[in-house]
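Multiple structures are listed underneath, in structure tokens.
First chain A sits with chain B, and in the next complex the same chain sits with chain C.
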Partner chain A sequence: MSLRRHLPHYLMIAPFMILFAAFFLYPILSGLYYSFFDWNGVGTPNYVGLANYQSIVGSRDFTRAMTNLAQYIVITVPLGILIALALALLVDSFTGRWAGFFRNAYFMPVVLPAFLAATIWRWIYAPNFGLLNMILGWFGVRSINFLNDTGTMLYALIAVDVWVSAGFNMVIILAGLKNIPMELYEAARLDGASKWQQIVHVTIPMLGPVLFFVFTYGLISAMQVFDKPWLLTGSSFTSYGGRRHALLFPVMDMMGRAFGGVRFGEAAAYGFILTVAIVAVTAFMFALRAWRERQ
Partner chain B sequence: MSQNGAGPVSVWKILKWVVALLVAAIAIFPIWWMINVVFALPGEPVSLNPRLWPTSLSAGIANIHMIFAQTEFLRAYGISVAYALLTIAGVLVFGSLAAFEFSLFEFPGRRVLFGFVLLSLMVPSAVTIIPAYLLTSQLGWLNTMQGLVVPGIASAFGLFMLVQFMRAIPKDMIEAARLDGANHFQIYWHVALPLSRNAVVTLAILTFIQTWGNYMWPLIVGSNAEMYTVSQVVGLFNSPLSHHTVDTVMTANLLAAIPPLVFFLIFQRKIIQGIAMSGTKG
Partner chain C sequence: MKTIIRHCARLAGAAALIVAGMISTAAAEDVTLEYWVYSDFAQGDALALQQEFIKEFTAKHPGVKINITGKGDDDLTAGQVAGAVSGNLPDVFMNSQSVGAELVKVKALANIYDKWMAMPEEYRAQFDKDALEGCMAKPGELYCLPYTGFGSLLFRNLTVLQKAGIDTSKPPATWDEWLEQMKKVKQAGMYAIPDETLIFNSIAEIYATSGNTKSWGFNWDNHTTRIDPKIMAKVLGKFVDMVPLNSGTSRNDQATKDLFISNQLAFHTVGPWVNPTYEQAAKNSGLKYDFVLIPGDEPGKTGGIRSYEMVGVAPGKHEDLAFQFAAFITEKTQMARWAKLLARYNANAAAMADPEVSALPLIKTSVDAAHGAMDVAAPYFVGAVPNCYNSIVIDMASATADGEYTPEEGAKQMISELNDCLAK
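Our next item is the complex of A and B:
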């Protein structure tokens, strides 16, 4: 009786839930299973216990990818948000048509596909005839091979990354700014606070939850960076990560093991290692927030 | 925060404008530059000409004609359009059916199932991509349109967004429709869906931008030249082994950029609201 009454509900959610189970839940479970096998994707999987995990963690590429990732995240996430915050305050200080114009202009790189952002910037970074080297040439700087010099590669990536992510974060921060009651600024002004003091003592604290979201989300997506370093280094499954693996990142390493090395069990294990790292970082962020709130 | 009114022009105000315009130039310039390279008089090396303005309309049209006629770009364009449209259709139909139930009705298991979907928003795609590829391969779907589209249809983000929106539909309207003799599906079709038109359109646009820009999934699932999407062709044209010239490559880049940019210019408000909503309610 009860089932018949509820049947229409289940019928309506069934298409979504079936696809969700097939292409989301099942892959997670099967991935966990494969991670204990040595498998090339076609033959019989060969049970190897934890060997996949051990060989990943012990590999030079893994260490390289994780080191690169740490350096990349430490710069790109805070820098991207700082710039996004500055842009949001800048746009917010304009009114009417100009506010809309600047907001849209700064947001434009976000709508561009990430693969395209990377390819356009490859041309801008090109040695000798690239736009950036041409501009530097006006100031007497000799041509720099930004994407092949291990000293500049990471920063070249970060610049592209910020170029794209700043607009995205700015839009979210702008929405947060609109939610701050005007009275708080009025009160601060009556207390004699300068513009700068208002930003530090009213705007930033009131933006707390929004900044937390932007930071956590930025962290999670930065840990999975793939398209941009892959295309900036002109990677393929046989050769990736650029000169001396200076732009090798975990997802690239994982994809290379799967489709270059044809070691799918190992790649599945890599996915789990990465997920544990991401979940740990996310949990740490939430714990930090809970601790801050209790203070 | 608030405008300075019509006061005297201060140093700060000038500085603010200079910075704002400079940043706008940095944000827009690479796109502008791409247009200039395509619409440039042929024969002049890029190195001698920074290409600050487009110089030849006919050269640009010739470039576009050439790339459609002489390379595999046109087919890739068709595949990308089909991939994006079918994904949008799937996300909207499957997502709105499920969102209708999760947001407006009470039934056993509702909380648990919806909780599962929400939890999946936290799971990084890194963990699912390899096994999802293996499943697609076992189904025999490599290098097929269903292989590109179907695994991306059950979008947790899309469901979440539609549920947030449909929650605001007054229960009285559902009851009224039921009293008028509408069955369950008719209520969805004639009441819930028209009322959530805004969310549906926003989700469609965001899904388009995301699918059009998807690089990783087509790279591994559509690895045969016949299934290349625009993202892959652009990647190959730009690769170090590519034998294409700068204007060909830039034309490909520009044509890849046009659909999302046009969508943005038309639907800027909806896109920005959609992004802002996912951030402030997340």
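Our next item is the complex of A and C:
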């Protein structure tokens, strides 16, 4: 009876469920299966138990990749959101043609292909001739090797990442800003709230769900960072991560093990570790939000 | 009337049989080969010549069609590995010998030894012996036909050297002479050389000024590195000496080429592929440069590395035809045309000896450079080099140059870590 009643609903979600099973669930489960095997992708897989996981967790590259990732996330996610919020507030203060112009201008880096963005930034960061070093040179600062100096490499990447992600986050936050009732600002103004107090006590609380989405999405994206550090360091499957692995990240390490070392079992284990980490972080974020709402 | 009808019916039947026969013959002969090449071989003049090769080959093989696709280095490897896994390999493809072992491991490369041995001696004798040996993992196994290649060269900016008071008529004969020139360049306020510790190949190029193929690469029997600790300590000392002299850019950075073209960098150790850029700069902005052999520790010894790109054939139903095509494009006539077009060295020694080819200065110097250079990752096609290997070499060279280790400590630590990496 219940099945008959819900059959149309099941049928309606069936296309998604089939595609989800084929392109998400199956690869994840298949990855989990192969993570217990020594497998080069072609020959017969040899069962090795947890050896792949032990090999990954015990490797220096994994430690380095995870340390880099932690530093990267701690800076890039909050910084990216802060800048996006500032841009959204700025664009929201404009009206008419200028609002459209700035919104499009800030969104431009999002639609730029990663290799093009990396090429532009490699030119900006280039020692001696790069745009940034030329500007710094006007102030008497000696040329900085942003992409080869281990002290600056991570920050150079973060700047590129924030440049790209700020536009995307800004558009989402801007949509959130448009949904905040104007009455709240009027009431705040009548109560004598300054512009800053309006942002802190009206805008940010009202943007809660939007900021939660932007933060969670940013966190998940940051955990999978790959293309920008790969391109900025001119990496290949046999050599990646830049000088002294200052820009080595987990997905790069996983790709190197898969296509550089042809160790698909180990790469599958790496992928599964990352999947579990991403799911755990996402679940934690949702639990935290649910707990805060209950409070 | 009946007879006429009977004859017509017979004729129609015969015609139908002929048409059916033609269709089935065409179906049996229609073959499409997928041919993957490096992306720079799939554009401009290089693509036009490749298409000419294809046209000539298909003219002799009716029913055969060849699709050429250009791919970047990583895309070639990833595509071939993924193709082997999914059973959808290109039939003929290029790649570097240094990834050969990975491709053999995933069964992306056919052992073409028997087909090779069936070729006339005249064809087999055309190839450079060292390049060919690179394709032979063991007796009875041949996994590629060597194709293009390079020996690293020392590009010299003559304006910078002259400003530093250096006589440019004779290139430096030894490492000591070269280092002295680098110091003079720095004293004159310019950069001497890129940071050679940033790229695995540039580290190998400097290692080769003291070492050779026998003391570089891998002992696959016991999974250890062949790097000699004494030689490596000496080489790491060279990197320390070069720290105050270098530009901080890698040999592959665009910034390095910009410095060279704008007369701020004296030396650039790299393959011949930068020559078109410098040639253009010579025409456009008056850059004065030349290219010579990288000097070694003693007179007569040269540094630098050599490496070859290969043409491989995938195992499968088109293997024979794919080999015929691979043999056709690597044959002397085609390789000489290829060399003349790109002014680039290749593994066909007979083509390199062609008077029109050997008269090209870049090829002449490249032939000498390749003969004196060190193989970058030999032996090939035996073991897949773990990805930790290159990063350890780069890390330890950088760390020693940064002063974290003495050259002796750095060499010892590097070799210990490399052996651990290979053992895993």
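Just so it is clear, the second predicted complex is superposed on the first by the 270 of 295 C-alpha atoms of A that agree within 3 Å, B and C clash if a C-alpha of one lies under 4 Å from a C-alpha of the other, contacts with A are read in each partner's own complex, and residues count from 1 in each chain.
In this section, contacts are C-beta pairs under 8 Å (C-beta built on N, C-alpha and C of every residue); 3 or more make two chains touch, one makes a residue touch a chain.
The shown structure was predicted, so the numbers you read here are calculated from the model rather than taken from an experiment.
Annotation for the three-chain superposition on chain A: chain B and chain C clash. Once chain A of one complex is fitted onto chain A of the other, the partner contacts of A:113 are limited to chain B, with no touch recorded for chain C. With both structures placed on the common chain, the touch criterion links A:129 to chain B and to chain C.
In the superposition on chain A, A:234 makes contact with both chain B and chain C. Once the two complexes are laid over each other on the shared chain, residue contacts for A:292 go to neither chain B nor chain C. Once the two complexes are overlaid on the shared chain, A:243 sits against chain C while remaining clear of chain B. In the superposition on chain A, contact is made by A:41 with both chain B and chain C. Here chain B and chain C are compared by how many residues of chain A each touches, and B touches more. When both complexes are overlaid on chain A, the residue A:259 reaches chain B and chain C alike. Clashing C-alpha atoms with chain C appear in a single stretch of chain B, chosen from 116-124, 134-142 or 206-214: 134-142.
The intersection of chain A residues touching chain B with those touching chain C, taken from the two complexes, comprises 41, 122-123, 128-129, 234, 236, 259, 264. If you check the complex, the residues on chain A that touch chain B are 2, 6, 8-10, 12-13, 15-17, 19-20, 22-28, 30-31, 34, 41, 87, 90-95, 101-117, 119-124, 128-129, 131, 134, 163, 167-168, 171-172, 174-176, 179, 182, 185, 195, 198, 203, 210, 213-214, 217, 220, 223-224, 226-227, 230-231, 234, 236, 250-251, 254-255, 258-259, 264, 267-268, 270-272, 274-275, 278-279, 282.
Within the complex formed with chain C, the chain A residues making contact are 40-43, 55, 59-61, 122-123, 126-130, 143, 145, 148-149, 234, 236-241, 243-245, 256-257, 259-262, 264.
Those residues of chain C that touch chain A in the shared complex are 73-74, 77-78, 81, 84-85, 98-99, 102, 105-107, 195, 198-200, 247-250, 252-255, 258-259, 262, 264, 384-388, 390-391, 394-395, 398-399, 424.
Chain B contributes residues 1-3, 16, 19-20, 23-24, 26-28, 30-31, 33-34, 45-47, 50, 93-95, 97-98, 100-102, 105, 107-108, 110, 113, 116-117, 120, 122-135, 137, 150-154, 156, 159, 184-185, 188, 209, 212-213, 215-216, 220, 231, 234-235, 238-240, 246, 249-250, 253, 256-257, 260-261, 263-264, 268, 271-272, 275-277, 279-280, 282 to its touches with chain A in the complex.
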